[in-house]
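Shared between the two complexes below is chain A, which pairs with chain B and chain C, respectively.
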Partner chain A sequence: MKFKMKRSYLAMPYAVYLTLLVFVPMLFIVYYAFISDKTGGFTFSNIIRALSSSESIGTFFYSILYGALTTVICFVIGYPVAYILSQKKFKMNKIIVVLFIIPMWVNFLIRTLALKSIFYSMGITLGKGTALFGMVYDFLPFMILPIYTTLLKVDKNLIEASEDLGADPRTVLFKTILPLSVPGIISGALMVFMPSISTYAITDTLSGGKFQLLGSLINRSYFNNMGFSSALAIVMLLLIFLSMLISYRFTDKEELKGGGLW
Partner chain B sequence: MVTPNDIVVKKKTSSGLDFYKKRKLARYIGNSYVYIILGIIYLPIILIIIYSFSSGPGFSNFSFSMSNITELFTASTSDSRRMITALEHTLFVGIISSLLATLLGTVGAIGIFGMRKKSRNILLNASNVPIFNADIIIALSLMLFFTALSIPKNAQTVILAHTAVTMPYVMLSVLPRLKQMNMSVYEAALDLGATPLFAIAKIIVPEVLPGMISGFVLAFTLSIDDFVIAEYTRSNSYETLSTYIYTQAAGKEGLSGALKPLSALIFLTVLAILIAYNIRKNLKTKNLQLKK
Partner chain C sequence: MSNIIIELKNVSKTFTGGNNVVDNISLKIKKGEFVTLLGPSGCGKTTTLRMIAGFELPTSGDIFLNGKSIINTPPHLRPVNTVFQKYALFPNYNVFDNIAFGLKIKSKRTLTEKKAELKKTSGELRESVKSQIAEFKTGSKQEIIKKVKLALKMVGLSDYEKRDVNSLSGGQQQRVAIARALVNEPEVLLLDEPLGALDLKLRKEMQLELKEMHKKLGITFIYVTHDQEEALTMSDTIVVMKDGVIQQVGTPTDTYNEPINAFVANFIGESNIFDGVMLEDKSVRFDNTVFECTDIGFKKNEKVDVVIRPEDIYLMDVANSNAHVRGKIISSIFKGVHYEMSVLSENKCEYLVQDTTRWDVGEEVGIFVKPFDIHIMKKPYTSNIFEGVIEEDGKVNFGGGIFDADTSGFAAGENVWVKVSLNAVDVIDDKDRGTTGGEVTTILFKGTHYHIDIKCGNFIYHVNTDVQWDDYDQVGIVIKPESIKLFKGAEK
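Right after this comes the complex of A and B.
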């Protein structure tokens, strides 16, 4: 039989590359999580330490608390912005949306260091508050853009219908617009929450080393404790998987294909 | 004499006026809110531009001086030479990895589009993994992988890593273009005797070119913005701009001297490109309207 070139074969290089450089390396994390750094033998101690040591439990607590805080603040600040921009009446709204995107092209470390310079010149001591401010500052566009694109797609007839049926502006907002923008809110929340618990560059730079989230702990322990670091990474992976499952329940599939934001 | 009817009418008009006043006020407040948030977002960037013309690091005590700007262009100290080299590395890694990602992602998208539903969904879900995974997990896993296979960490490891992460984005921006195009043209080309590769190059690629370009731009921006993955997969001597900046992060004043004009330059370049792009796009749509 002659070898026939099928179009689906073209996906082979892509699939092989993805397997070799994304999935195989992740198996190494699993492997190292069960290997003792000292003896090189099989051990559960890394996993146990990642799940029960006071250091990692404290870090989990802080990560989820500050991740959630960042997400909520970004939502409270960002939703009105997205809503106003999605209204046709707002002049030059397309230009303003682009203006919100441009800073994302400037390296986030430059923006973070600029914030540090501002804090220094204003005499503000670095701590949890400044780190939180930095995370909100860096991740706010990730909240605004998905909500904005979802709000643009909302059927205006539904809003008019609820107005015609006698709903006052507040009811229209809470009973019609907000529920219809849930997919955007979920993907925005995901895009803020995930990086805010896994970043270490922002928190390390802007907290003055006063507190660490999960990302920082993984980064700090990998130098001398690869196994512990890998075990923590597995826990973080489970956390990501969990939040993705939750988001799948609320979002229409198209939105989650990653193209939504861009 | 005032009839009840008059009162109703009067009430209606006054509340109507109130309604419009309120709307106007609400819009005014809304617009100012957006501008205030925008102002806060831009404040650090504006300060960077202003303080590029001031000597020393950070944003304290403005004293006019071109020293930081001349430092950027002459690179007289070893530190600013390091910065320029890091910038070159970032651009090199960004261009090579996004070219690779565009090639693999586009060919992959064409292949995925021709797949059966079941295997297509498996690959699409697999492509979501590097998109949703945390940078630090990808970085750590690649570091362990390269170390275990004793692949020397250098420019090529950073390029391999960035290609892996950005490739799915290219694939996802090409795929919608494929869905839009008419595949019968491709089939017709095959029937007329074109080899599959020739038909792909001559028929599919021109159709998906806009998706390839936006995928390339996205891959490039992700690559030059990345810090964590580069930090874990590079060798100690191979710095990218992000990893160089991070070495400056420990300083209490934040941005160091020559980094300010460089950052300002990066921002202004992005701005200029976007403005040029939008003007071109507007001209194009205007021309189209005129033709119609």
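Right after this comes the complex of A and C.
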């Protein structure tokens, strides 16, 4: 039989990759979440513990709180930066964008360790504050870039129309530019929020063991209770799925879609 | 009280890079007038409009609104509103919120002012100010709803309040844009080619509607377009612009019947434009034939532009002794109301003729023109004049390039006047091979040859050529050394 090339065959390597490295491990996680570590039999106890034990609930709370805090801080710092960069009048913008990207060339673990030594040398005790600082520091570029690209695409005519209708510079910013950059803000927020609720490298390195987020808890419990750890992982997955679902509702409008990075 | 609402005084605009987009224009616009800025793209009409709106600052000159300079007023404080070419509706708001945008901002501003007043007042008066604020809050909301509904009704879009602006057709979006501007009751409405994106039929409909609105509202309209027909249909006054300079200001009838120069004649309606020589009063020679005309006051043998509208040329039997010239039909196209024909005369000059009688290609005809249908115009220029400087022996720098020329009698570094006749400029299609180069901006067909303008940076070359170039063609310029005439007396 003659082999006939089809366009869909080009997707094959990725399909294999996806099945072997994402889908199958996911099945394992789901499987282990319902298997008792002690007896090896089917059980709901892992899921129940992940949803009800004070340790996991506390961690969920902290994860969402610190994920949200990181996102908000990144937004507050990142939006003005992205806005200034997107202005044509500002001649240095290309250089500044590169300056924001360069730290990303360095492995983030190394960056985090470097941050830790800086804190040591300055005599700052590690804790929640330093962990939050580290998260903001590591994830800030993910907030700036999508907002920056959306702001670049904002129709200058709309800004002029806004001015023309009587909006002073402040009103133009809040009534026209900000609403139009919502798609970028949402991608940015997701790209900061998702990794920050699941990170464990940053919190482990920079919190001095004083508190843990979901990622750390999953990482730690994996070695003594794989079932519990898998159940936690599933809950986190649902959490991320939920946040994407919510964000998708905001980008429902046709013309707003495709803003930002994805 | 003067009835001038907008006045531009010696306004110029130069963008970075040294391009003079608007060059020293002065213009007075009366209250309630419908003024159209008309010209080909790149003539500075949109920049002029944007300067009135406040989006661009003039490099020099001043703009007055009701006698007061508004140069330093930012756009949001100017009592003018703009209808943008590409509508510029806010995609994140529905129709109602788009139209209410300006009103809401205005009411919010009044509210903040009243609250500031409240902070200052004390005692018994406080209560009255407070109730005033409460009253204003409810009142303004009702008022906004009322005004938006009225504006929507005016543009024929009642009951469209809740619609998403992206679900509207181009024509409907344009109507919303017009309503959004008019609802603020501006003193002047600026319209930047608002109908450019609509199809022909809708455009004609909207033209009449806009004219109707203008009549009803009595607001001053300043309208920008490159469509001469649109300008003729709608305006009270047409301002014809070219290369950042106003060519003519007048009523539609005046600009059509009495164009001031060959460019305006060519741009407004179709025309035959010929190079002619004024022999004496009421007598002009072109196409190697002497015609009787009605113009007087020209110098003897002065070179002039002769303009004849195609509908003013009469074709007759070739044997008719009244015919001024004879020729042969080289093309004949049916245009609905009339036939449009090209006639090549015995002296190889082409006439464009519109007639309701059909003549076939190849037929011999006589051409007749009535004296008062021959319009004589002064030539704005008869040769290219530049200021230049002698670079070294045999080289002179002018018009954006260094040309070889006979410089005997001039010293290096000396400033000179340079004169080059229109026929002496050679145009080549490789911009980089020319001594200098630029872009073709204006093309006039003159019956036997083309007259084109080439813009090289800030210099404009006027050229007669047999070759048909297109707008925006990038061309090089070469001039033979013996055709460059130098004169002393240029200032530093």
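Throughout what follows, the second predicted complex is superposed on the first by the 247 of 262 C-alpha atoms of A that agree within 3 Å, B and C clash if a C-alpha of one lies under 4 Å from a C-alpha of the other, contacts with A are read in each partner's own complex, and residues count from 1 in each chain.
Just so it is clear, contacts are C-beta pairs under 8 Å (C-beta built on N, C-alpha and C of every residue); 3 or more make two chains touch, one makes a residue touch a chain.
Bear in mind that the values here come from a model prediction, so they are computed numbers and not experimental data.
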Contacts of A:160 with chain B and chain C, given as first, second, both or neither: second
Chain B versus chain C as contact partner of A:41, first or second or both or neither: neither
Which of chain B and chain C A:114 touches, first, second, both or neither: first
Chain B versus chain C as contact partner of A:176, first or second or both or neither: second
Touching partner for A:226 - first (chain B), second (chain C), both, neither: first
Chain A: partner with more touched residues, chain B or chain C: B
Touching partner for A:85 - first (chain B), second (chain C), both, neither: first
Set of chain A residues, in rising order, touched by both chain B and chain C: 256
Residue ranges of chain A in contact with chain C within the complex: 155, 157-158, 160-168, 171-172, 175-176, 179-180, 182, 253-256
Residue numbers on chain B that touch chain A, as the complex places them: 27, 30-31, 33-34, 37-38, 40-45, 47-48, 51, 57-60, 104-105, 107-108, 110-116, 119, 123-124, 126-138, 140-145, 148, 160-161, 163-164, 167-169, 171-173, 176, 196-197, 200, 214, 218, 221, 224-225, 227-228, 241-242, 245-246, 248-249, 252-255, 259, 263, 266-267, 270-271, 274, 278
Complex interface listing, chain A residues touching chain B: 5-15, 17-18, 21-26, 28-29, 31-32, 77, 80-81, 84-85, 89-91, 96, 98-100, 102-121, 137, 140, 190, 194-195, 197-201, 204-205, 215, 218-219, 222, 226, 229-230, 233, 236-237, 240, 244, 256-259, 262
Residue ranges of chain C in contact with chain A within the complex: 53-55, 74-77, 80-82, 84, 86, 88-92, 101-102, 105-106, 109, 164, 166, 180-181, 184
